[in-house]
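Step one of this worksheet: look at the structure below.
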Amino acid sequence: MPLLELRGLTVRFGGLTAVNDVSFSVSAGEIVGLIGPNGAGKTTCFGLITGFLPPSRGEVRLQNEVITGLPPHVIARRGLLRTFQKTSLFPRLSVHENVMIGEQARLSRRVWPALLRTAAQRRQMTEVRERADGVLAFLQMSALRDVEARALSYGEQRQLAVAIALAGQPTLLMLDEPAAGLTRAEAQRLTETIGHIRAQGITVLLVEHDMKVVMGISDRIVVLDHGQKIAEGDPREIRQNRDVIRVYLGESGGRA
Amino acid sequence: MTAVLLQQILNGVIIGVVYALIAIGLTLVFGILDVINFAHGEFYMIGAFLTYSLSVGLGLPYVLALAVSVVGAAGAGLLAERVAVRPLQGRHMFTIVLSTLGLSIFLQHGALLLWGPDPREIDLDWGSRPVMIGEVVVSRLRLVALAVGLVLILAVTCFIRLSRWGMAMRAVARNRDAAALMGVPVQRIRAMAFAGGTALAGVAGGLLGAMFTVEPTMGEWAVVKAFSVVIMGGMGNVPGAVLGGIILGVAESLGAGYLPGGSSYKDGIGYAILILVLLIRPQGLFGQRV
Amino acid sequence: MASGVRGLVIALVVLVLPLVLPGGYHRHLLVLAGLFVLMALGFDLVLGYLGELSLGHAAFFGVGAYTTALLTRNFATPFPLDLLLAGLVTGIAGFLIGVPSLRLKGPYFAIVTFGFAEILRLVALNWVSVTRGPMGLPDIPHPQMGGLVINTELSYYYLVLVLVGLAILVTRRLLDSTVGHAMVAIRENEELAASTGIPTFRVKLIAFCIGMVFAGVAGSVYARYVHFVDPTALSFYYTVTVVSMVIVGGQGSIGGTVLGAVLFTLLPEYLRVAENARLLIFGALLMAAVVFLPEGLHGLWRRSRQVAGRHAAA
């Protein structure tokens, strides 16, 4: 049983079909890369999977349960966590506080335990604090613990976004262009980090333009163009696929 | 019975056109400056008091007094923009809201100080003389109000669509930074738009003030009407404000005539419409920005 | 350590203050200030921590006041029960108004809450059979529990103090919980908050209801304190006052809110020397404060401490 399954996913905006009958699956423990030229519909797919966008047709299944049409926070609580293409953080909170928010993904938010400050509640919050520190240590960000998120450098901010998602202990982690704007060294560190994340048993689905990163880390790659899936396979197959080559070399977009 | 109905509809339309004036002022300020001016009603009140002072106090003919008070309301708007809005550019919406609330208190109590709390009347002997249109009776004053209102609405619409300043305003409303890059004097356009908004409110004040009474708290009543209409028409949407104003005016007029206990709940109609629109279709019945 | 001592000093001052001040008038101001602090704390939950501007605050104050008035006049409801019921009714009202309104954001949310508040005021004004319209409801009795009667400024002050203390306790506990963290997350970035598993609508509703309960409780005590409730208790003026308190005092900070509430209660009173120009000056001061104090008084205080070279408290 695959962890994530897309079946005939389609979405239309007015006259434009942004995602057209896309189907693929992601198995537990895999790292799958979703690539394609600009405008191919990759980020739209992410929106469809995570509940931010309702599809016109098709369904999404997580661990064989249908999640299409569920609100984003419910999907998140089922273990599907994501980052955004445009860096999205809690700007005025510290790095540690940002991660704490992510850490609370599956916790319940009830008023009475909070007000009564039960021992269980206090213990829970202490755990949240400590585990957030743990995530920071794992990503080697502990030195930045008390810095305000908006004061971080671009690369550090993108790392924080991953930290927030990671803190929620996802079953499936979806990264939207995690390498965008990173230096070569930062991108290399990102690749290693994704490897560490997989080693922890987390499945990864990423959208990425940086071919070095995608080819280097993915077990399998799915290629979209103009909203449709045009190829699927391991990196070697994809590199030699005629359609993929045509789609990338035939237009002036595509970063190498 | 049809004559009564027509009568009520006509009255509703006339008041509605004046509501539209106030609302256009508010919606322009929102569309071009991105500011919700909670003191908008006070400029309506200023227009009314200026008209009162000039016509009753100085004996100027009504229409002249109206014209001069429009200029006065515009001037007050320029001053207010400079003092209460411009220094807060780029700050959070809440701070600007609070500033306009402070301005509203300031102006209201300024008026209280200058004129006292008692309602005044602008007595025009020619104003109440009735004119017959078919079976419907309407006072001359109300006809004048209708005429002034329609002319102004037409003028504003033409200005926005056809003139260069109007185009500049629309550019600033769409995308302020891009407009600045294209050489539009954004600061000046914002000030102009604000003053234009307050001028329209002032005219409405001079008109309704003559139809009813003039007193320092009349702005509170007016601003709620303006909000209802603007929400109905869509924030930043001028034609929407016109249609919304007329709809509100007619709805109130018919409501007062036909609902049980009508006239005391008349003002409630505006609130009810406001809430219903916000809950069902917050972008307004006619959606989209300027 | 320093903040513990500071807290103790503040607590002592607050406890002893009315005994030290001369006469009923100042104690009366303290009672009013306390009630406003209570309202402002509730308002700040929604504004400072959730990030939404609600312009209907006066309505909830009024609902609490009218509930107590009606319960004590018609059913002779005894003291803490009517207070609890007033809080409950206000919470329910908050829920009923919050559910449709909280789907909206920013200016739309502000305007719809304003609309609801004004409708409530119109109801209070026109539903004469229940509320006696503009004549209001007089003869609201003082609270009485067993032998204890609260009928002086001093005793009301301590009652209000207890309630404010409870409110601060509730606020702090809330903020240090998953709910509080969720609120702040929503304020900072609602889309991201949802994607981290936060049920944004539910959290907003919780914060809104709790904030309004504070206002309702304040209204309930107010009704008893002045023995009289009329539709002016729902007037927009109270909302503007509370908004000013929180924004000028400093949103998202308990200390700032308290400071703002005290300031804005005392200010109109001390401006009485200016007689008729009183509110004129108030309006001008409000505009000036907004322009010159971008982070409110709390922000000013925080920055002056940083400048003074000491470690800034979190």
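A, B and C label the chains in the order they appear, each numbered from 1.
Keep in mind that, in the parts below, contacts are C-beta pairs under 8 Å (C-beta built on N, C-alpha and C of every residue); 3 or more make two chains touch, one makes a residue touch a chain.
Remember, it's a predicted structure, so these values are computed and weren't measured experimentally.
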item: Furthest chain, CA centroid comparison against chain A; value: B
item: Innermost chain by mean C-alpha position; value: C
item: Between chain C and chain A, distance of the C-alpha-averaged centres to the nearest whole Å; value: 42
item: Intercentroid distance (Cα basis), chain B paired with chain A, Å; value: 50
item: Geometric centre distance via CA averages, chain C-chain B, whole Å; value: 33
item: Contacts with two or more other chains, residues of chain A listed in rising order; value: none
item: Touching residues on chain B, where the partner in the complex is chain C; value: 36, 83-84, 87-88, 91, 93-95, 97-99, 101-110, 112-113, 220, 224, 227, 231, 235, 261, 264-265, 267-268, 271-272, 274-275, 278-279, 282
item: Complex interface listing, chain C residues touching chain A; value: 170, 173-174, 176-182, 184-185, 188-189, 191-200, 202-203, 206, 210
item: List of chain C residues in touch with chain B within their complex; value: 47, 53, 100-101, 103-104, 106-108, 110-112, 114-116, 118-119, 122, 126, 236, 240, 243-244, 247-248, 251, 276-280, 282-287, 290-291, 294
item: Chain A to chain C touching residues, read off their complex; value: 50, 52, 71-74, 76-77, 81-82, 84, 88-93, 97, 100-102, 104-111, 113-115, 117, 121, 124-125, 164-165, 168
